Structure formats: structure tokens, C-alpha cells
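Lettered A, B, C, D and E in written order, each chain numbered from 1.
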Amino acid sequence: MSRFIKKRSKKVGLPPGTLVSLGEEKAEKVKISLIDYDEANFEEKKIKGVEECFPFKNKPTVTWINIDGVHDIEVIEKVGNHFGLHPLTLENILNTEQRPKIEDFDDYIFIVLKMLYHDEKEGEIQTEQVSLILGSNFVISFQEREGDVFNPVRERIRTGKGRIRKMGADYLTYALIDTIVDSYFIIPEKLGEKIEAMEEELVANPTPGTLQTIHTLKREMIFLRKSVWPLREVVSGLQRTESTLIHESTDIYLRDVYDHTIQVIDTIETSRDILSGMLDIYLSSISNKMNQVMKVLTIIATIFIPLTFIAGIYGMNFKYMPELEWFWAYPLILGTMIVIGILMLVYFRRKKWL
Amino acid sequence: MSRFIKKRSKKVGLPPGTLVSLGEEKAEKVKISLIDYDEANFEEKKIKGVEECFPFKNKPTVTWINIDGVHDIEVIEKVGNHFGLHPLTLENILNTEQRPKIEDFDDYIFIVLKMLYHDEKEGEIQTEQVSLILGSNFVISFQEREGDVFNPVRERIRTGKGRIRKMGADYLTYALIDTIVDSYFIIPEKLGEKIEAMEEELVANPTPGTLQTIHTLKREMIFLRKSVWPLREVVSGLQRTESTLIHESTDIYLRDVYDHTIQVIDTIETSRDILSGMLDIYLSSISNKMNQVMKVLTIIATIFIPLTFIAGIYGMNFKYMPELEWFWAYPLILGTMIVIGILMLVYFRRKKWL
Amino acid sequence: MSRFIKKRSKKVGLPPGTLVSLGEEKAEKVKISLIDYDEANFEEKKIKGVEECFPFKNKPTVTWINIDGVHDIEVIEKVGNHFGLHPLTLENILNTEQRPKIEDFDDYIFIVLKMLYHDEKEGEIQTEQVSLILGSNFVISFQEREGDVFNPVRERIRTGKGRIRKMGADYLTYALIDTIVDSYFIIPEKLGEKIEAMEEELVANPTPGTLQTIHTLKREMIFLRKSVWPLREVVSGLQRTESTLIHESTDIYLRDVYDHTIQVIDTIETSRDILSGMLDIYLSSISNKMNQVMKVLTIIATIFIPLTFIAGIYGMNFKYMPELEWFWAYPLILGTMIVIGILMLVYFRRKKWL
Amino acid sequence: MSRFIKKRSKKVGLPPGTLVSLGEEKAEKVKISLIDYDEANFEEKKIKGVEECFPFKNKPTVTWINIDGVHDIEVIEKVGNHFGLHPLTLENILNTEQRPKIEDFDDYIFIVLKMLYHDEKEGEIQTEQVSLILGSNFVISFQEREGDVFNPVRERIRTGKGRIRKMGADYLTYALIDTIVDSYFIIPEKLGEKIEAMEEELVANPTPGTLQTIHTLKREMIFLRKSVWPLREVVSGLQRTESTLIHESTDIYLRDVYDHTIQVIDTIETSRDILSGMLDIYLSSISNKMNQVMKVLTIIATIFIPLTFIAGIYGMNFKYMPELEWFWAYPLILGTMIVIGILMLVYFRRKKWL
Amino acid sequence: MSRFIKKRSKKVGLPPGTLVSLGEEKAEKVKISLIDYDEANFEEKKIKGVEECFPFKNKPTVTWINIDGVHDIEVIEKVGNHFGLHPLTLENILNTEQRPKIEDFDDYIFIVLKMLYHDEKEGEIQTEQVSLILGSNFVISFQEREGDVFNPVRERIRTGKGRIRKMGADYLTYALIDTIVDSYFIIPEKLGEKIEAMEEELVANPTPGTLQTIHTLKREMIFLRKSVWPLREVVSGLQRTESTLIHESTDIYLRDVYDHTIQVIDTIETSRDILSGMLDIYLSSISNKMNQVMKVLTIIATIFIPLTFIAGIYGMNFKYMPELEWFWAYPLILGTMIVIGILMLVYFRRKKWL
């Protein structure tokens, strides 16, 4: 539950731009790494004090500052002041319950995204907020936790593989977004495997647990959907922006990310439809099984009740019951009962009740 | 019910602009407070007669007049006349059944909002209408009841915290709207807690009361939704307005409020989806429980009915029933019955009916 | 039914503009009343022959001609010819199955509306078509039946209350539409009272009649919705029209009517949602009641069936049944039966089946 | 089924513009009739060879060529060549599975419509494709079968009734479309009567046949809807076209047809809603009836099972059962049974189970 | 399942434009065929090495290169380099999980489509990705597998049938798309036949297998829908493109393809509606059948239970039961039982329970 409806109330009444971290309180130190490159040069370093980044602001090379952890307000504030970020931007970076969005300040573009990963232990989807600042020749990325999702990008910059070193900060931003969107594909695949596993269970042996699983998956889908839909707006917002920070040559790459986003959405919608169908199958297969049981049992009862009645008749103690004296009466009655039983069975068969 | 479909019929046939208070009749006096400030100066006073506010209209400082209570038509009328409000605006302020909306008169912008709070006693969401008038250098706010929701804003003005003292009346308006929207977050959280509590109940022990609660929550969601959706239009209306009363520097703050509104809507929609899923789980868990009962009971009956029939046979009083005379007949029949019973149990087990 | 799917087939194949009255045939004479006013002067008269209205066409004062009854084709035709109405307009006035709409002919604006009232006797919503012609300085209104819904407007003109006497024909048109929209509020209130009454019934004692009532209300809602949705388009059409017949000063009043229309729609949609929820509650409370009955009854049967079997055993007539001879056998068996019964009850209790 | 999913596969792989008739193969000769008129003159003739029409192409009078039957490819081709129709237009005329549509070629406007009629024998809605070519001063109409639906228009031209003789080819086109749309009103009326008839049946005596009927009607509605929705686009396409073939004076008539189309759609949507409601009523009234039966029967069984148990007790053959010897034992036991039966009945009554 | 949620994760983290084939690994060689034509000339050849195509790039004639198999990255890369395709285009061609889309690079238009065919063996719809490159005077088509779907187009070029030889590369592209869309019509027809077959089964003898079939068809429809909807955007994108690669004369043909696409969508939507209706019929016909069984059986039990009770009474062993001694007691009791049985039957009949 708590993942779906987040507490935001502790911010009520504070002036806008007040920096309050909504993420978990953490004791660890914020980790900052910096990569500075152009086609020819490449420099990478771990930063101790945030001030070490500042000189890179005005270098013509592309600078990527990655900050892991948004719980140290002071660090965020220093970065904000030096790189000219609006107080609301800083507030949004700290507030990890943001909806994915894009905001175009003239000097920089601010992008909020959600990173999704499937927590194997909990069997739940976890989210992490990633904020990106795209400036004229720098990109600042904020992650909630230290993670290795951006490692492939880092590797590409280091090795100069692909065209990343030849292009600007906007292409780097694209590469980071693309990495995040690509990681989205893993989630529906994971859920898809669960659906597939459950599907066989559904036919073989539906249990109330199956229902629970269907509903858990449905809820994961709702959650996934809520995270992915706004992403679509973010990417198309990036495409349509008139900001000079995005060069025309990057447009086609953004269109590609957009297509990927649509594909994720498509997959989610399809999964939702399939889950709905599975719910229907579950319900009617449960009810079918129940009906089968009830029908057979009722038929057994129905056959024996009239027979028991006949036995009851000849169990009566009337003095004058001539049949009781007959020699063949008992086998005759037994035979009659068997005939009645068989006739009823035949009738039920004919009516297709058996 | 009465919260959902409001009586509006007493206004039928009256000329537009006729001032009729639709709120509850109250005997209390209307309370008026005034705050006047610019970056350097600050003045706050309780107003006795509404006329005391009038001289502030033309001062270059920002003036915020807060009026608690809209049942005194005379007060509203005097304010309206002095500050040049259109008769329809006055009518709308008095009519507390307004839908949230924004209207741009050239001299002022008129905003109607709903304040929501969760009434602990009733367990229901209550609403109060808040009307805001944004003039060139004044803001007039009308509340139905005296409340302390605007206190944080007042405090910020008094202490000069944040940038509120440096900015104009439009920023004050934003701050008031932001306070209201922020207070919206409390409601879904409250409902979320209820949903969470019910969720455990649902698995452990579903009762008809659970159903009632689900439906009550669903209805609260309908109500909440009805209040929040138009809010979205109001805030985006404020953003898109071409009125000179809103300065460009306030735009980004309005965008922030807009994001918050979308987040509230998102949360409501998610809650609705979750509630629908819970309804499904409730229904099928109830029916599952019932099926379980019926199945076991029917099986017990089914096993004993044929056995009782056999007992019935040997209870018959025929004169010539050779078995009755046999020495081992009784234990044999008892044994046969036990075997039949066990065979049936085994059969039911195999069929997975038990 | 007949209210929902109207017969229109008698017009099939006729040339457009053919005047055929689709309303009920009536013998009564058409009633015409005329009010002519400006800020200073006021004249009101009952008209015998429709020709008496014609001289008012070119007077600079505002003239309001109200015609009760559209079954006299000749009258409509004369009016049409004199005031320059298009044949299709006349056809639309006569055809009382029109959808609410607005049409902007250059010389006049033609508006079709539906008046709704709740027929207490039938317990159904009845509709009446009202057509308005807004010319440069005249308004012609056509009603199907004589009614007093416009009386408040008439009274306002007579007494000069409000601003109606100071404004033009467009304001008069607004006032008439406003009166109609205001009367719409009464219907959902009426239906709301019914819903509220039924809600208590639903909890206390749901009957098949309750279901019938829910469905009748649902159908009334469908009907209401069908009448009110196009109204929205009509009013917003009036707002957006570029016709010079609507002065800018009337715009704000039209916006107000528009808000009211949205409010009516809101209320209808909310009622629909509530009714759907009630249907769900009804169905599951019926099924719950049934389950309760079946469960208790089945449990009673289940307890006695094994006991009857035991009694059946000792009712058998075998010659050699040693227990039968024992002195304590009978009380022992009785005791055993009681113990079995109690054990089963305890078991059912534990399983929460009771 | 076959009406809903049509075979189109025989065209797969053919070059576009290949003329293949998809309608039924017919041996009858295609019938062609021609009407030529202006305000003063009128000429009507049956055409033998299609070439007889050609001289009328360039006459200033309005020429209406009506072709009954589209199975003679040669005739269509000749007309196409002479009147300058695009090969795709010809293909569309022959392919009677077209969706209603409008296409604006510069020289002519091509309109495809569906004529609907209710086949009394089959109890099904049948469709026929009507294609219209509107040229500068001619209209060519293609029907699948000979029909008399256009007779009223023909009659109006012959007699000069209405304004049809005074206006151009666009007005004739309008008149033809109007005739078709007007004929649509008959279908929902027919279905409406069926619905009304079924409604009484539903309350009185719901049978599985009722369900079948509801579903048949629902399917007819789906079919109707599929035919009528694109019609709306066609008519609004005609209104919005910038083609000079449509004169401004015809616009208002097209608007009228548009309104009629909306009305048909409205009626269909309402009928759909009503049918859905009827399905709900049917299902719950069936289940209600079943519940009633089961409840009463179960109660009867429940009362007698304990009583039979008591009788079973005193049917046991224990040697030492003192009660059996008592003189009043039998009437006492009978009385006890009656009392138990009555108590159970009273209890069931109190619980409102009876 | 696996058809619905595809594995895409192996691309995660790779730089964009990295060529990785997502289709099945195949050992076969890629087959390339080339057709070069204008109105007068025609040349067709099987290509061994991809380099043989390169000289055709700059010839003024229309060149169509068809490549069967996208698993040989080297071939795709060479083609890409020579014809100036963007790396992302190449990536998209290789990635066979693309959504249908159109992308307008200035020099060429890139189109991704899905070919659908019904796999008779699996009873499932299979898809294949077809990518088209439309250059100024060449078309390159990529298919996943060798197929004969384009043969009719090839034949038309060879024989010069239709207008294909007279027109440019854009018309060839249209012809290819048209062929694909036409092949779509076969799928709903196939599914339609299945639906029709099942419909009779549904009325005659609904089994749980029927339900399974309905759900399988529903899922096929979801799958079909997912493939066809984006196709609509692709075709309308082609229509609306401002690229000079599409000549105006081709527009009308694209409009025709668009109409066909809409028709396929229409058919799918109708089938979905019909399937939903069939699900309802299935469920209520199953439950109806069950009810019938239960009702009759319960009634049999109900009649015999009271009769058995009476027999039980006279099976009691009380010493003083005067009736037992009466001479006519036995026939009287038998008669009473018969009367009671008949009365109950009559009562049940009257209540319409039988």
C-alpha cells in the first residue's frame, strides 16, 4: 500500500522552495563522481567536496556530475547555487515523490525520471527517483541510492565507443534517459514470466492463492503504468522543446527513446488485458469446479432419497401389511429399487446431467 | 447523500446577481483580518467595520483582506462595491455550491476553490468554499468558516521568511492556493490508511461490513475526484491567463502547484483502481468461503445418505429376509458400510473435492 | 420506452422545410403574449391575431413574443414569414423531437432547448421543447404547452428589478436560458431524494423491487444525461459565436449559465456513479442474505443426517445384534448422538461456519 | 456472423483500381434511369444503353442518373470513363463492403453511404451500399438493388414541390442523403418496439429465450452503430469541404442532416444503455427466482430432517427402551414433533427466511 | 504468452545504433533480389553479393531491392552505408520487436510494418516485421523470412499490368503496403469462422473448452489490435508527410489504404464486441443449465423427505400406537402419501418451479 499512496503531508504549510528531504534518512555520505570529456580528452574523478566540481562549469568540454544520494541538503544547495538552479528545482530534486516531468528553465532543462527495478526479495517493483539537469555543457544527475545503472554509459565515454564523445551534453542526457527506459523492459518481462507460470497453474489447479497472485500482478501493473505514462510526456516534451540546449541532431535519438516508451506502455496495456482475461478464467473455472462437485453429489443424494423412502415404507409396523408376508416380496422390492436407481441414472444421463 | 447532490433550487427564478447566501445560516459575526506589507513594512490588524479596509485599496503595498464567513450579505456587498467586483462575482462568493473555477475580469481575477478536510468525528470528507480575488495590489480571500489553514502563510509574511515579502499580490495568491492544494494530500493519505487497514481484514475475515466500507471509500473517492479535477483546470487556467495581474516570475510557482494537483489526481485514480480490485477480492473470497462450507457439508450428507439407505433396507419388516437370520450378517453389514464410506472418501479425495 | 425512442418516421420522405407538427395534436388555441420594453417604457399585451406583433419588429425597444403551443402551423408560418425565419428553422420549431442546438443565421440566432420537469403523478421526467429566436431587438419564444416557468423573468421586466430593463434582447435570451437551466437543478434533487430513501431500504431490507427502482433511476439518469449534455454545447456555442447579436457585456452571464450547466452534468454523473455502487451493494447483499440462509439450513441438515444414520442402524432387524440386548445400550447411544451433535457444532464454530 | 465479418480476401493481391464486383452475382440487367431538370424544364427517361446519358454531361441543367445494380462492370467502366471518374472510385463503387466515406476529387465529390432496412422475414437489419457522384451539374447514384427509397425525391422533382427544382446538383445530393438518413429512423423504432415488448416479458416471465433476444438486439445495435458512426463523418465532411461543388446555400441543409445523424446515434446509444440495463435485470431476476425456489425447498427439507431423526430413534430395536412401553409416549412424541416443526417455522419467519 | 511480452532486455545498456539482431538466429544465407524498371524497361536479378545493388542507386529508373532475412548484420550494414541510412534506422531494421512506425529522414522515409499470417498448425497468429526504405528512386524492403506475399506486386511489375510501371518509387511503396494491409483481412475472416463455429456450439452444448476458446480468440484479438492500431498512424503519417518523396498523385492511393486499415480495425472491434457478448451468453447458459439440474433434483428430494418422515413415524416401536392395529391403516397411509406427493407436485407446478 505504502508504495501507492505516499506521505507528503510533512511538507504542508512550508514555503515553496523549502528544502526538505522526503527520502529515507541516511547516514551515509553523498557520493559524487565527475566525468569530463570531449572528443579528444577524457578525465574522471571521485569528488570529495562538492566545490571541486565548480571549476568545470565554464570549461568548453562536456562535464557529467553524478550525485548518489539526495539526503544531504547542504550539498544539493551548494550545487544549486553554483550552477544557478531555481529553488523549486532543488525542492523537486529532494522531494523523491515527484511525478516524472520536464521543466525548461532558460539556462537549463530539469528532468525528473523514475528508475524501476524488480526487487527479487520482496517480489515487488521498487522505484528510485533520478533527476537530470541539462546545462549548456554540463549534465548533473541525482540518484537516490548508489547504483550501477549508468555504468554502461560511463564505459562508453571511457572507451569512446559509439558517437557519445563526439556529441554534446544533450546527447549525454539522451543516453542516460535511454539507459533508464531500456531498464524498464526488464520489469514487464519479469511480470510476464510470472503471468506465464500462473497461466498453467490456472488451468491445472486454480486456488485462492492464484486469485491473490492475479491481483498482486494487476496492482504491480497499475503501479508500473502510473510510472511509465508520464515518462511518455517527458520524452515528447524533450522532443518538442524549443530550447537551444537540445541540438537538432539529437532529435532522432529522442524519437527513438519515445518509441521505446510507447513499446513499454503497449506491453503494460497488453499485460493488463491478459490479466483481466485470466481473472475471468479463474472465476469461471472455480465456479465450474464447484458446480461439478455439487452436481454429482446432489445426484447421488437424489437417487438414494426415493429408495430410502421405499425402505422406510416396509419398515412400518402396521399389523396388516400383506406384502410383508409374501415369500418373494423382499427380493422383489430389492429388484424394484435397483431398477428405479438405474432408470434415474439413465434419465440423468439422457438429460446430460452426468 | 446530501453532500453529493446539493439543494440549489432555492435560487430558481431569481435574477442573476441576486445575493442569496446558500451556506448555513449563522448568527456569528463575520471576522475580517487585514495584512498589509511590502519588503520593508508590515502591518496586521483585526477589522471591525469593513470600511476600515477601503483606504488600503490604493496603497502601493500588497494588502491581504481575509473574510471568515460569507453569510453577511451586507459586508460582501460593501466590499464588492468598493473594490469594483461584478455582481456575478459576489453571487458566486455567496453561493457556496460553486464548482472550482477561475474568471478573468480585467481588473481582477476571481478564483473559487474547495478546501477539503477529513472530519474525524463523521469519518467523512468535508468541504469549504474559498474564494480569492486577485487585484493589482490586493488579495481578498473569503472562507465559509474561521479556519487556521492560512496561518503558515500569515506567519511567513510576518517573519519575512521565504520570498513572499519581496513579491506581489500574485505570489500571495499562489501561496494561498499552494496551501490549499498541499492540504489535499492529507485526504488520500487518510483514506489510504483506511484502505491498508481494510486490506488485512479482507484476507483474514471478510464481513459484509467490509463491503460497506469499500463502498463508502469508493464514494469518498468519487467525491474527492469531483472536487479535485476542476482544480486542475483552475490552476492551468491561471498559468495560461494573459492577464497582467500575473507576473512572469510567478509562472514557475504555478507550474509547481499544477504538478502537485496532478499528483493528487494520480493518487486518487490509483486508489480507485485499488478499491475496485479489493471489491473483486472481497466478492470472490466471500463466495470462496461459502463454497468451502457448502462443499464439505454436502460431502458429509452424500456419504451418509447411501449408508442410511442400507440401514433402511435391513429395517424392513419382510417375513422372508434370509440375511436377517445369519449370524454374521450384522457385523458384515457394518463392515460393508464402513468400506463404502471409506471408498467414497477416497473417491472424493482423488477428484480433489476434499 | 416511448420517451426514449421517439417516432420520427412520419416525416420520412418529405421535402426539408415541410411543416409537420410532431407534437400532440391539440384543439386548444395557440396563446401569444407580447412584452415590449426599454429602460423607460413597458408594455404588455395578450395577442389575439399573430399579426398584432408585426409592427413591433422594427421598434427600437426590446420585444419579447411568447407563443404557447406549436401545433398551429399557420401561426408559426406567419411569424416565420414576417420575421424572416428560414423554412428549416420553422420545421425545427414544429418538430418537438429536436436535440438541443444553436444555429446562427446571420439575421437571428435560433436556439432549441429542452425544459425538464418531474411529473409527480407518473414519477417520470417529462420534457418540453422550447425554441428561442434572438433577433436584433426582439426575442420570440415557442413553448409546447402553456407554462409559468418564464413568469419570474416577466415579473423582473414588469418591476424593472435587476438589470434586465437596461439591457438588450441578448440579455433577455440569457435570462430565459438561465431560467430553464436553473429549473434543471430540481430534477437531480428529486432523484437524489429517491436515491437517499432507497439507500436506507437497501441496508434494511433489499427486495427485488429495490432493484427495479435502481434501474428506473438509472434510466432516468440516462434520459437526463441525454437532455443535458447537448445543452452544454448550446451554451458554449452561444459564448463562442461571433454574431453581433450577442454583446460583449452579456458574455459573463453566459459563462455563468455555462458553469451551472456543468454543475448539473456533474451532479448527474455523480448520481450515476452512486447508483452503480448501489446496484453492486444490492446484488451482494441479496446474495449474502441467501448464503446465510443456505448455510444455516445446510448445517442443520448435516448434523442430523449422521445421527439419523445411527438410529437407522439400530432399527435394523438382524437377529444377532448383541447391542440390542444390552441394558445401557439405549441411553449410551442417545448420549453418543448428543456428543456427536455437539462435536460437529463445535467444529463448525471453529471453522467460523456458524 | 457473416453480416459482421465480411469476406474481402478475394481482392488480396490485385492491383488497386482492378474492377471486381464483391456484391452478389446477379443475372438481371442493370437498370438506369435519368432525370434532367431545371426550374423551367423537366425530362425523365429510362435508359437502355448507358451511352444515352453521355450527352447530358455538359448540359447546364441538373442531370440525375440513377443506376440500379453494380454487378455489370462494363457499364460502370463506361460511366467512369465518360464522366472522368478515378479508377479507385470505380473500384469503391463495385466493392460493396466499403465503409461510408466522402472523397473530394477536384472535379467531383464521391460519397459512399449505407442504406439500412429491416428485413421482416429474417428479423435482421440488411444493408445496401449507395454511392453518389456529385459533379458540377450532374449526380450519379449507384444502388446495389432496385429500390424505391428515392421515389419521394423523384416525385418532388416531377411536381416541382419544395425548392429542389430551383437549386443545383448539390441540393439534389443533399436530398438523396437526407432521404437515406431519414430512413435510418425506422430501424431504431423497430428495435425499440422489440425492446418494449421484451421488457414486459422480462418482468412477467424471464426465459433463456429472453436472454437470446437481448443479445440479438445488442448485436443489431453493434451493427447499426458501425453503420451510422461513419455517416456522421461523411456528413460533417460534406459540410467542411472547401469544394466549389457545394454552394453556401446548401450548407444549412447539410447541418440539418447532420443533426438528424446525431439524433440517430443518440437513439442507438440510449438503446444500448437500456439493453445493458435489461441484461442486468434479466440476470438478477433469473437468479432471484432460483433463489426463491431453493430457499423454500431447503426449508422444507430442514424441518423434516430433525423430525425424521426423532422417528428414527423410536424405530430402534433396543430391548430396554422404557419410553416404548409408556402409554402416552406415542401421542407425546407426535405432539413434540409438531411443536418442533412449528418452532422452526416461527424461527425461519422471524429471520425473514420465509 | 511469449508472443505478447517480448524479451528485449538483451539490448539494455548498449549504445544506440548498436546492431544486434533480435530475430531468431538463422544459418541460412540472406536472399537478395533486385527489380529495376521504368515504363519502358524491366530488369530482374538475383543478387549474390550485396555490392551488386549499389550501381542502381543513382540510375533514374525505379529500383526495388528485397532482402529476405535480417540476421546477417554485415549485409544490413553495407546496404546502410551505401544508401546513407542512419544507424538508428539500421538498428530498427534488425530489432524485429519494433512497433509499426514511420520516420521521415530527409533523404528517405523509413517505414516499419508487421505482416500477419495465421499459422494453421499452431492455430495462432504469427507476425513478421517488414521494413521499407523509400528513397528518391529506390525502395528497399527487408523481411524476416523468405515469403511470397510480394509476388503479386512483382508479377504486376513484370507484366506491366496496372499503372505501377508508369509511376515512381512512392507508388511501389504504396503497392507493398497495400499488399500487406490486404493480407490483414484474412486474419479476422479466419477468426470470424472460428467464432461462427463456436456460436453454434455455444447454444447446443457449452463446455469449459468453449470458454477456453473464447478467451483464446479474445487474446488473438488483443494481439491483432495491438498490431493494427499503429498501422493506422503509419498510413496517415505517410499521407500527411510533407516529404517530396511522396508525389501528390499517390495521395489518393494512400487514402485508399487508410480506408482499408480502418475497415480492418472496425472488423476487429466488432469481433471483440461479439466475443464479449458470447462470453456473457456462455456464462449465463452454463449457470442456467446448472440451475435446471439443481432445481429438479432438489424438488425430488423435497417431495420424498416428508414422505420418508411419515414412514418413519409408523416405523416407531411404541407399544401403544393404535393405528398400527387398524386393518385399513396401511393402504390409508400409502394413499395419504400419494396424495401429499401429488399436492406438492401441483404446488410446485403452480409456482412455475417445474
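As a convention for this text, a contact is a pair of C-beta atoms (placed from the backbone, for glycine too) under 8 Å apart; a residue touches a chain by one contact, two chains touch by 3 or more.
What you see is a predicted model; the values in this text were computed from it and never measured.
Shared contact partners of chain D and chain E, listed by label: none present. When chain A is laid over chain E using CA atoms, the rotation angle comes to 70 degrees (nearest 5). Between chain C and chain E the centroid-to-centroid distance comes to 42 Å (mean Cα coordinates, whole Å).
Averaging Cα coordinates per chain places chain B and chain C 26 Å apart.
For chain D, the set of residues that touch two or more other chains comprises 294, 298, 301, 305, 308, 312, 315-317, 321.
The touching residues of chain A, counted against chain B in their complex, run 1-2, 4-9, 11-18, 86, 88, 92, 97-99, 101, 103, 105, 205, 208, 211-212, 215, 218-219, 222-223, 226, 279, 283, 286, 290, 293-294, 297-298, 300-301, 304-305, 307-308, 311-312, 314-317, 321, 323-330, 333-334.
If you check the complex, the residues on chain A that touch chain E are 151-152, 156, 161-164, 174-175, 178-179, 182-183, 185-186, 188-189, 191-192, 195-196, 199, 252-253, 255-256, 259, 262-263, 266-267, 270-271, 273-274, 277, 280-281, 284-285, 288, 291, 294-295, 298-299, 301-302, 305-306, 308-309, 312-313, 315-321, 351-353.
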